[in-house]
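Have a look at the structure that comes next, please.
Chain naming follows the written order as A, B, C, D, E, F, G and H, and within any one chain the residues start at number 1.
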């Protein structure tokens, strides 16, 4: 058998996965899978994915998984870990699921300091439904519902998720923004976030800047460019809240 | 006719109002009414109240008013002003309506910079339903659903609303927290907020710390004490975001 | 500003595009929406067309917001609409229940997809229960189930007009097939066809200073006593019942001498119609009854027809949601009912023909 | 830890308190809830009792969250429940539609209040449509409509057991009157009464390393093709239909020789029962049929009874929501139906008696 | 608009203290807020049959309006003496 | 678990470049990310019948794994030469 | 004949209406009878007319609310307006003829009644009506018996204002005539026991109040 | 007899399947006939088999999907598996016998087809099956006629790979036999006109491709 670089926690029987060519979800799930491998929590973890392209990960991991409703993955995972606190719940969702339809869950779960990890894939659009505006769509960006470019005066500026979450969580929360263009860093964020949950310490939230060449209508070059220039200039990568136990140095 | 100190914009025919004795909603609506009087926008204003004790204000003002659903006043007012931008929409709600069930609306409306004023009455509980925990309930506070006192480890710390809103709104937003124990200041906040909407400038949000003697089970003395000591030590009064045009000095 | 549609013309487009044009033709002012397949393209077309004709659009954060914002638009006196499907329609029941109570003429296009839950993004007729009677109310709504793109256009216009005329929320109930397929239709400017457009009126933000020039408007949906509520509800229910006969619509074919009547709605009725024609050719006397309004249901019409032909075959892409409406309408009559229930999948005329032919005459026709 | 209920005892309490105790008796593990009148005190009592018996509680941010978190609790293998009413029930339809699709045995107590919209916080029977058939699905649910505090207790226990046994979401359908009134009942430990408690099983987070010791569990509610969905749905529907006769329950009184049968459910059936007794005293032969399960509806039983007595009087605090279920069940039979519909308000035995006496015999009894 | 709202008027040191019993719900917030302990319960009954307030130590009243501002029902109205207002308010 | 995934192996300057055509969706992200322009389209077809990549300027490859890390499908695997790894990596 | 009684009691929030009803129902339950008590509750928390319905019977009770009561009680002017629909020609109508009692804001005697109700209209009407109209109320003279019990006065003068509602309780018990004093006292003990323990004097005060109420009705029923 | 035809076309995402179907339907409409085109669409965006259904008739068309097609086309191996259920004994089955065509990732010719579909299972099966099984496909020989058109080869060698799908279009038109070349060309113009304007050469290329396709079927139908 030829071995690939797939993390152990990936289910090889369901690969190649169902995401589009060049889709950032693949990157995110790889970093997440490696983090799970590293801290060896495959047997304690429960993975929930949202409706949105994230649903394509419903059979992704060698981990008990559930695909929920659009925006509702957070409450499902909260329900699970409240009923069985020994489990580590990961809620995996898009920017639409997390910042639009599920914003009340994100805000209140963060506020309650629920012991789960929320991973939010920011691809500046509604991927699964064919590329409409998301709360994170950049000013001027053309989407199916902003055919003349997003007019920030009419529809606002892109939602700053980690900033928002960090503003309301307690000191035991872990909040970061990573990018698929730096997988090592992203993995490090995931590890810290998962450990924070594992230790029963606090709510953990990682937003990831990710590619969606299908709806961006970009070739490989422009895909990286949009991610690393356009998106990165709005969304600052880094750690927004690090619990005392996880601070370095 | 004997004249009272009621603002002109109050409808005297529906007074005395329907709030409990000592209820902070009365104070808030007084400051709001005075601000409306001062900038003379009674004919352009539309008032929406939530379900929660705020609904008792459905016939409060000499202003076209609608009582909506729990948590849904923001989208109703957004719908109105999007359809008729010459109107000034005020969405009046409780902490449950704004921070719990309607949090997605608050976050996204703030983010979109909708030209409305959201007034949120923080009384640290669900008043209308008989005093359950709200997102703003203080640690240790006894409510109907935290009969042994709110355990912040289990249910989180009180939501910091203006802080949250300020973290995501653009620079044209106005965000403040007032208190019914300083009505002059509160009125000033309301005026700035309403002017900010009137000028088509931006989203305006004012949280108000308010009394609920009925569910706090407090006499007059303890009512003030809870507001001015317990609440004030958690919730800092002040302006959180002032648009450039409204900055003083 | 140019009128969206100047003169009658034959076009060839998808159903979602038709709804967007239908709304333009109906002089809709503003759409509030949240993406969901298979209705997305209604928004996509609307966002492309809207700026050209001075119309507005707002993408909200969810369907609750879309529904309540649509209500807001109506209150401001504008023809306001939205579009949704499946789980989005489930969420819409909250704002719709408020519209029902407060007599708010919101218009919503629904493109049914598979259910329950997320199911499929494709097609079904499983949103009939919910669209007719969803929420904590009594189903005081107008629901048009369309079968062709022509009807999608016609009834989009009618939905606006009857919503504002009768002040009940109105729905265009399509499905994923209708949403995504292309077929020809004639578009027109309704006013040139002699269709009088019912004018919207302003509820909140009327002229004058309230309390000075006029009384303030106070709208509410909460009542303190049971009796108060009852006094608000009963006249509404009575009015609904009174105007129902004016609103009810149906289509029937070959029922006069039929031995068996196929009852189906929406796009499935096209397969039923094809089957009817095919079977007639073979000398099998089959009729078709198709309710166009699912709410109010054309009870009088179907009872009349089924009195002479008490054998019916219900065909629907759901597990008996149409059947429940039909049973209710035909209550008390001695009817022999057969059914093809295929929740979430399409139905072809071949299937219907096969079904009918497979049955013994006595099974189907128990006169 | 102490058992909540040691031995049978007579108590006198409000319905909301009864539900909390019933859940304890049923060995419920965790409640997720959002406040709404008139169910609040279920949460109030549960939060007071829970810590004493090692049970958990989470107050969520809304009913969507309460519903989905309840699903989460079930997936973790715990008996999980919630309680709601009115607009909260409307929102619950979203998670319930997922539970329906994924066979998740969530339990929800519903204390009906006035509708549509916010209406009143008091009382009604207007949540029947929604609780039986809400959401974008086919109504694969178990709905118990209780009439007494004893039943609130009994059927809370049964709801948990049958939810987990059959894996359909189950509802205790009460109302604001039942919620807030006090009356006596006997509480007991079901296991001492010989009621076997169905054990919950873990769906997610089972023993062992997935992919190594066992296959991972993958649960989903979205399908890519219509045919896939159909293949998932049909066996579910068939199973529901198959087990329905086991689940159906009803109560009837004096139907054998009745000229007229009053059909009502929930608390209204108490007034109906009193009316029945009163009228019998006067020699008027009236019977009572009361469905206890509204879903599945006791169709066989009511058809049997109405074959000999084809005159029925539906009485409900809604505008025909029970009537629709009854009409469906009695479809095809030549029945003469009268109705007292009082949406959102209580109905007394006096009213029923008055109604019956006010009618000419021919109107009511058209044998 | 042309409602008559009864008021009871008290002369106090620095002005006039008016109370509108039909508006007073007897919450006591004003009484607690008065910096000079001027107010106490009155025999006059308010809206709910509860006592209203009156300035029993009226000579202590500085017409500071704290009570007026702390009434959620606009049941109090303080009129400052015009003349004194022109004087230094100390 | 015991699936066979075909791989195509290329010797490159600092190691081995493996590509798994059944995993490659031809997105080109790797190709764009390679700091040394090592990769180009190959005649070998991937999962969707699209071309996969191969290291055409294999002598430029530093085995830096940028390509591996930028593949969302784990279709590339770089093996660094053991010996060279011990040497200074400059 | 079956023993059974229907009682409706209305008063201002804070007058202890729900408490009386609760005690009556519990006493019925104590005696092994079917007993059903339901409060009226609405949107508001405070400030409204509070109504309680109690039924006691030998068999399962029908609907929790009823059309006409056997005993109907009104404790304030507004309460009379509200409760009149429940008075029929067989009703014993009891009212406090020392109206209006002044309730305390914080009603410690019976705890907070968190589901009091009021129609917003009812509450505001008084004020927006013209002077005079406000104070009218009609005693329903078509009732079987109309009995005024000066409960407020009795309580104030002879006992303690707080036990005003227990005087009424006594009156209702006597008018209803199907409960033994013993079970009522037991129910009172259940209901107010913890308060009695804190303040033992209160127990006797309450028992006395009960007797006064019973006595008043006895006198009235004999007179009539 | 009524003129009417039912066509089903399946191929890989990016092969321009939807575009062909769309043009056929539009041509039908051009001729004043009833025409109905519906794509298959599902959860996913990319990577699946794309299916299109077209019907043309004189009267209102029944259901948008049908059981058996008059003309059924498959353009890839996976597409054959997917489309087989639509092949009946009266079907003309057309397939690309220069299979497999290599689609470009970014299909500029016909624009992005944002509602392509695939069953996740269908997509992953190939991979998780054992070696060999993956490549099997069955040509439905029970069809009325089975015609291989080497569209890919023709396009590649004689024209341009991009117009591969127009060769297929020509084949379908001819197999269906109810549309005039004229209306098909008009429909092509509507559909691709903006591209033709940018690159006028493309117009002739497409017309040639159409002819080639028509020709191939003509030959085959004569032969058989």
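Simple rule for what comes next: a residue touches a chain if its C-beta (ideal position, glycine included) is under 8 Å from a C-beta of that chain, and two chains touch if they have at least 3 such contacts.
No experiment lies behind these values; they were computed from the predicted model shown.
*Asks:* Ranked by contacting C-beta pairs, which pair of chains comes out on top?
*Replies:* Chains C-D share more contact pairs than any other pair.
*Asks:* Name the chain whose C-alpha centroid is most distant from the C-alpha centroid of chain G.
*Replies:* So the chain farthest away from chain G turns out to be F.
*Asks:* Can you check how far apart chain B and chain G are, centre to centre, with Cα atoms defining each centre and the answer in Å?
*Replies:* One centre to the other, that is 39 Å.
*Asks:* At what distance in angstrom does the C-alpha mean of chain E lie from that of chain C?
*Replies:* Centre-to-centre distance between chain C and chain E: 60 Å.
*Asks:* Rounded to the nearest whole Å, what is the centre-to-centre distance of chain E and chain F, using the mean of the C-alpha atoms as each centre?
*Replies:* Here the centre of chain F sits 84 Å away from the centre of chain E.
*Asks:* For chain B, give me the residues that contact two or more of the other chains.
*Replies:* Within chain B, residues 13, 15-16, 20-21, 51, 55, 59, 67, 69, 100-101, 103-104, 107-108, 128, 130, 135, 155, 219 contact more than one other chain.
*Asks:* Multi-chain contacts in chain F: which residues touch at least two other chains?
*Replies:* Chain F, residues with two or more chain partners: 1, 3-4, 22, 25-28, 47-48, 50.
*Asks:* Touching two or more other chains, which residues of chain C qualify?
*Replies:* Those would be 37, 58, 61-62, 87, 94, 98, 117-118, 120, 122, 211, 221-225, 228, 346.
*Asks:* For a test of understanding, state which residues of chain C touch chain H in their complex under the given definition.
*Replies:* 10, 12, 37-38, 120-122, 148, 176-177, 180-184, 267-268, 270-271, 273-275, 346-351
*Asks:* Would you tell me which residues of chain A are touching chain B in their complex?
*Replies:* 99-104, 107-108, 111-113, 135, 152-153, 155-157, 159-160, 163-164, 166-168, 170
*Asks:* Taking the touch rule as given, give the residues of chain B at its contact with chain C in the complex, in rising order.
*Replies:* 9, 11, 42-44, 46, 51, 55, 58-59, 61-69, 72, 74-84, 86-87, 104-105, 107-108
*Asks:* Can you list the chain F residues touching chain H in their complex?
*Replies:* Contact set of chain F toward chain H: 3-4, 22, 25-28, 45, 47-51.
*Asks:* Under the stated contact criterion, what part of chain C meets chain B in this complex?
*Replies:* Chain C reaches chain B through residues 29-30, 32, 56, 58, 60-62, 64-73, 75-78, 80, 94-95, 98, 203-206, 208-212, 216-222.
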